[in-house]
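You will see subunit A twice below: alongside subunit B first, and alongside subunit C after that.
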Partner chain A sequence: MFNTISGRKRAKTILVIIASILVLAYLLGPIYWVAISGFQRETNLQDRPPHFILTKDIFTLNHYSYLFTGIVPENSSVMLQSMYTMSGTLVYPSIINSLIVAIFVTFINIMLGLPAGHVFARYKFKGKNPAMFFLLATRLLPSISIVIPVYMIFLRLDLIDKKLGLILLYTAITLPFTIWILQAYFKNIPVEYEEAARMDGCGYLKTLIRVVLPIAQPGIIAAAIFTFMTSYGEFVFATILTQSLNSRTQTAVLAALTQGMSSSRGMIAAAASLTIIPPMIIAIAFRKYIIEGLSTRFA
Partner chain B sequence: MTYLRIENLTKKFGDVVAVDDFSLEINKNDFLVLLGPSGCGKTTTLRIVAGLEIQTEGKILLEDRDISDIPPENRDMALVFQNLALYPHMTVFDNIAFYLRNVKTPKEEINERVKEAANKVQISELLHRYPSQLSGGQSQRVALARSLVRFPKVLLLDEPLASLDAKLRASMRSEFKLIHKQIQAEQGGPFIYVTHDQVEALTLGTKVAVMNEGHLEQLDSPDRLYNRPQNIFTAKFIGSPEMNLISGNLSKDQSNWEFVYGENNIPIIPDDESKPVEGDVVLGIRPEDVDILPIGEAGISAEVLTVELLGQNYLILMKVDDNMTISCLTNMKKIIRDGDQVVLGFTDGKVHLFDPTTDRRM
Partner chain C sequence: MLSTTEKRHLNQTTKLAYRIIGPSLLFVIIFVAIPLVYSLYISTQEFKYGVPTGRGIWFQNYIDIFTKSTVAPGFYSSLEITFKFTIVAVALVMIISFLIALLIEQKFKGSNLIKVALLLPYAIPGAVSAVIWNWIYDPNFGVLNGLLYTLGFIEKYFSISSNPDLAIWGILFAYVWKIVPYSTFLFSAGLSTIPTSVYEAAKLDRSGPFRTLSKIIIPMLMPVIQMVLVIQTIFALVLHFGLIFVITQGGPGDSTRTLAWHIYKETFTFTRFGRGAAMAVILSLIMVIFIYVYLVVLNPERALKRKQKRLEKEAIQSV
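Presenting the complex of A and B:
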């Protein structure tokens, strides 16, 4: 097969397909397993060999119904009932919290990051290089190392267990990256479009909104998605800085859920599946922009 | 009243002087061409007039009003960019209508004027296309329409034909001339056109400013630039094929001038305007003014190196000595071949004499 051009092409295609299947299996395998575990009877989850395909006799909606109603299904054993821990009912509200926080954070990021990134890309000013370095440097610290000081500050400012607190903090975490990504993206857009807009009567703000924004749309969406994902999935601060359902986010609740040794694994799987849904919808809906925005060469 | 005045314009980028004490006056009906090699400051000057660059020193006055401090969006000038800069996310119609929408023109008027502008440059069928769906020539015309749909105080063009192929360039050149006439008829403003192509400059301009390294070499009509270059740079830059320049000596024998090069003595007849001075001189002669004389007449002896066919004419390259070659443009009444020995003379009144120390015309 390898001594003809078309033969080699075919061999290459086959290899690529095999490799793709392996990679996909590796990446999607766990997700698939969690997804079907959420619909499997608790008893069947202990079976060896495990069931990889959902059949009628192992299917159940009990886990999901518990998550949403808190009512333990009657037709299960006492032991089974004790496996449904209270925190299961917190999953759904915590996802809402996560979404609210993530959406606000993303919105603020774009409102502030867009003009900031544009200015960094287009203008020279004193202190520009130190400013850019400082932006990135703040992100080099791992969250754990600053959690305690942040907690104390938040305590003083009465921001503990408030969504506002998380929003402010996450904005501070994500804004540097947003500015950096947008700044690099703007640099790749020829400045002539903005100059043409100036000649056509646009002031700075109009130029930004009517011309720069539409042209930079893929980059902006990529930055927004990155911000959203970061905010939605943040764990360290979410666990420490929140207490009640006022602000508890899905990362914290999910972690608490998995800590119980005797928790129902089906319930945990169902909870995890729920938390995956919003980011997955976004990623699928905007996949075109993610690819385009992130594949720009960030020189 | 002078319509546009550029006064002592200087622009420095750090230590680099891009524009050096540049001054110019333009009338309302002018087609001014800023001509020069890359890096001579012509585009920078244009951008300063547009307001996209800020001058280090100097002033721009429009109709006697100082606009040096006014931002570009308020100068009411239009700029056709070298790479066109058509908004990629808008249709051709929206591209052209953009300015009108910004100044809150009523919808019906926008419609009318866009269609009119599109007609002027013959792109009426392309109005709902996107820039990515246009060819080079079409994009060029959209960029032009975008400027023509308004009546800008000044229409600025930055090497608009640079990205087009040779044939398209030639036809667009004629179109530009026509459009300028049209705009003039409608009481429009002057055009300022930047290019490095001297053919464009000579065919399009009413006034051409030859620039070099930031300063103005000569400002004149195309005719005078060609026939009366005031300095060596202009003499070399204008005219294709390039003018021959020979360093030699000028001497006067009674009332006859003679050019001495090595052992060659050639009688020359300067033009009426020049004031020749005896001594060292740089003599310029255009290839079409080099005459091939019969052997024995007084002139420069040379050996033919190459004969190139240029369509209607032949370009003959001849070697005088190791340092000097002269080219001649002729339609070959006599058959010339490689290796021939010839004698060259200069057409009366067509020699250009330059002072070697100042590079200026005598």
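Presenting the complex of A and C:
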């Protein structure tokens, strides 16, 4: 077999394999390391050199059991016990907060963004281009440049430390992108389908639900995922506009956790592993839609 | 000109359109547009100990930022750090993602695996990726130290986040890791539009791989490259914030105090709301330039229209 393949082709194959291994190690290495760190005993995490592979004699579930129950492992030394800082118990509820916020934002976002995207794709109306430019430009502006007034507006509207506040704000931040991605999607669908439905006497809403919705499904899924990811991972506003578990989301809790110099590294690693599970599951489950979305301009 | 019936029709659809897009516009106006205007207003106000004195001072905050001896140097240094960070980050992101995209385009069994692997750094929230990298960089128990030590590159563990020369590089590599997937898929999509006949023609001409890359692939990809360049610049100017918050807090010294971090500190640590808002306005103005280039100059529809106009003009002139 081998002598039929030219040497050059074989060299290329080897090069591709080596490059693939390097790329995979680069992309997955950090995730692998944090995942196995969460299952290592604190004392083993302090070994030099570290354990690159998880084995039975360094394995523990202590970090995870602390995150969920707040019970400090009994068999550890006083020094180790003091490393389990109280804020670790905030991680799990804050992930729930993040999920609640992200799910609400995604829902409102699609409800508003779907018809809006459709209108932008299908109709000529006065002020259409300025309206689109306005939406797109606001999406690209940095959150740090509006965080001060948003904070003040939230104070006045009594939205500080409320999930509702985050939901409204994130909806505003993510809507432009949803509208843009959906209108781009609708433009690729032949208008004849909708015209046929109209001929049959369907109203605007009925046409939207019966005809547009089913065809646009992949675009809607992509827009919903991007919205979910943005809301779930938002950090700047979360850290400034939330104070307690009323509304504090996981990014803010996790970032604060690392500021305690002496907190358990295993606990932090376990917390980080836990928070990345929901978005990673979504990313893998809907990979087709996300890759398609990321391949288009603007993502 | 539009006839009266057409005009009436346009007015009708305009009414209907705004009824449908109205709620979305309202959301964006209340939570983004009004804050932007409000930010402009705050930047012209005087604050003492975090409380507004009610005195409008017009552009004094801006003048202070650019000229006052106690304020300006800090601002300029943060600007310099931001620009340097942005240039290096964008260059690195473009090179790495282009190479990965070239690899994916080899269309072998593992290329789908790489695509899925790319989705993971993308899916991880920026602040959480900061926590992960902070643990990797850990000066006492971090895996980076452990790896270099095991391989014999270093004899002693060292700290990245407390070394003024290394800290910014630590932020940079963590940032690049998280942001690379965005441009890789764009490059990959661009590469897949180049027909295989082009490669075959290059092969027939005995063009080597580097010549094919520089003379054929890169010129054909130019629109994608320009787009990635601009959007990555927009990202790099601000999206490093979470990393700095978690890993270095702007330090050691001022070595990682970018403009975004500087604004945050001025505003929320020193409660100089007016000056913070003024700096935020300046940052927004810098970004508006790139946003304009991205949305208008590089807009494919507009570019097409410009090309048509130019061709028409040439046609008229040639007649």
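Details
Simple rule for what comes next: the second predicted complex is superposed on the first by the 274 of 299 C-alpha atoms of A that agree within 3 Å, B and C clash if a C-alpha of one lies under 4 Å from a C-alpha of the other, contacts with A are read in each partner's own complex, and residues count from 1 in each chain.
In this text, contacts are C-beta pairs under 8 Å (C-beta built on N, C-alpha and C of every residue); 3 or more make two chains touch, one makes a residue touch a chain.
Just so it is clear, the model here is predicted, and its values are computed rather than measured.
Because the two structures share subunit A, they can be overlaid on it, and in that overlay subunit B and subunit C fit beside each other without clashing.
After overlaying the two complexes on the shared chain, residue contacts for A:214 are found with subunit B alone; subunit C is out of touch.
Of the two partner chains, subunit C is the only one that A:284 touches; subunit B does not reach it. Centred on subunit A, the angle reaching out to subunit B and subunit C in the chain A superposition, using CA centres, is 80 degrees in steps of 10. After overlaying the two complexes on the shared chain, residue contacts for A:201 are found with subunit B alone; subunit C is out of touch. Taking subunit A as the reference, the larger set of touched residues comes from C, when subunit B and subunit C are compared.
When the two complexes are overlaid on their common chain A, residue A:190 makes contact with subunit B while staying clear of subunit C. In the superposition on chain A, A:96 makes contact with neither subunit B nor subunit C.
In the superposition on chain A, contact of A:11 is made with neither subunit B nor subunit C. Once the two complexes are laid over each other on the shared chain, residue contacts for A:255 go to subunit C alone; subunit B is not touched.
In the superposition on chain A, contact of A:133 is made with subunit C only, not with subunit B.
Of all Cα pairs spanning subunit B and subunit C in the superposition, the closest are 6 Å apart. On the side of subunit A, the complex with subunit B involves touching residues 190, 192-193, 195-203, 206, 210-211, 214-215, 217. On subunit C, the positions that touch subunit A within their shared complex are 10-11, 13-14, 16-18, 20-21, 23-25, 27-28, 30-36, 38-39, 42, 99-100, 103, 106, 108, 110, 113-136, 138, 140-143, 146-147, 149-150, 157, 177, 181-182, 185-186, 188-189, 227, 231, 234, 237-238, 241-242, 245-246, 260, 263-264, 267-268, 273, 276-277, 280-281, 283-284, 287-288, 291, 294-295, 300. Residues of subunit A that touch subunit C in their complex: 16-17, 19-20, 23-24, 26-28, 30-31, 33-34, 37, 45-50, 52, 112-113, 115-116, 118-120, 123-128, 131, 133-138, 140-150, 152-153, 168-169, 171-173, 175-176, 179, 204, 229, 232-236, 239-240, 250-252, 254-255, 257-259, 265, 268-269, 271-272, 275-276, 279-280, 282-284, 287, 290-291, 294-299. Of all the residues in subunit B, the ones that touch subunit A in their complex are 50-52, 71-74, 77-79, 81, 83, 85, 87-89, 98-99, 102-103, 146.
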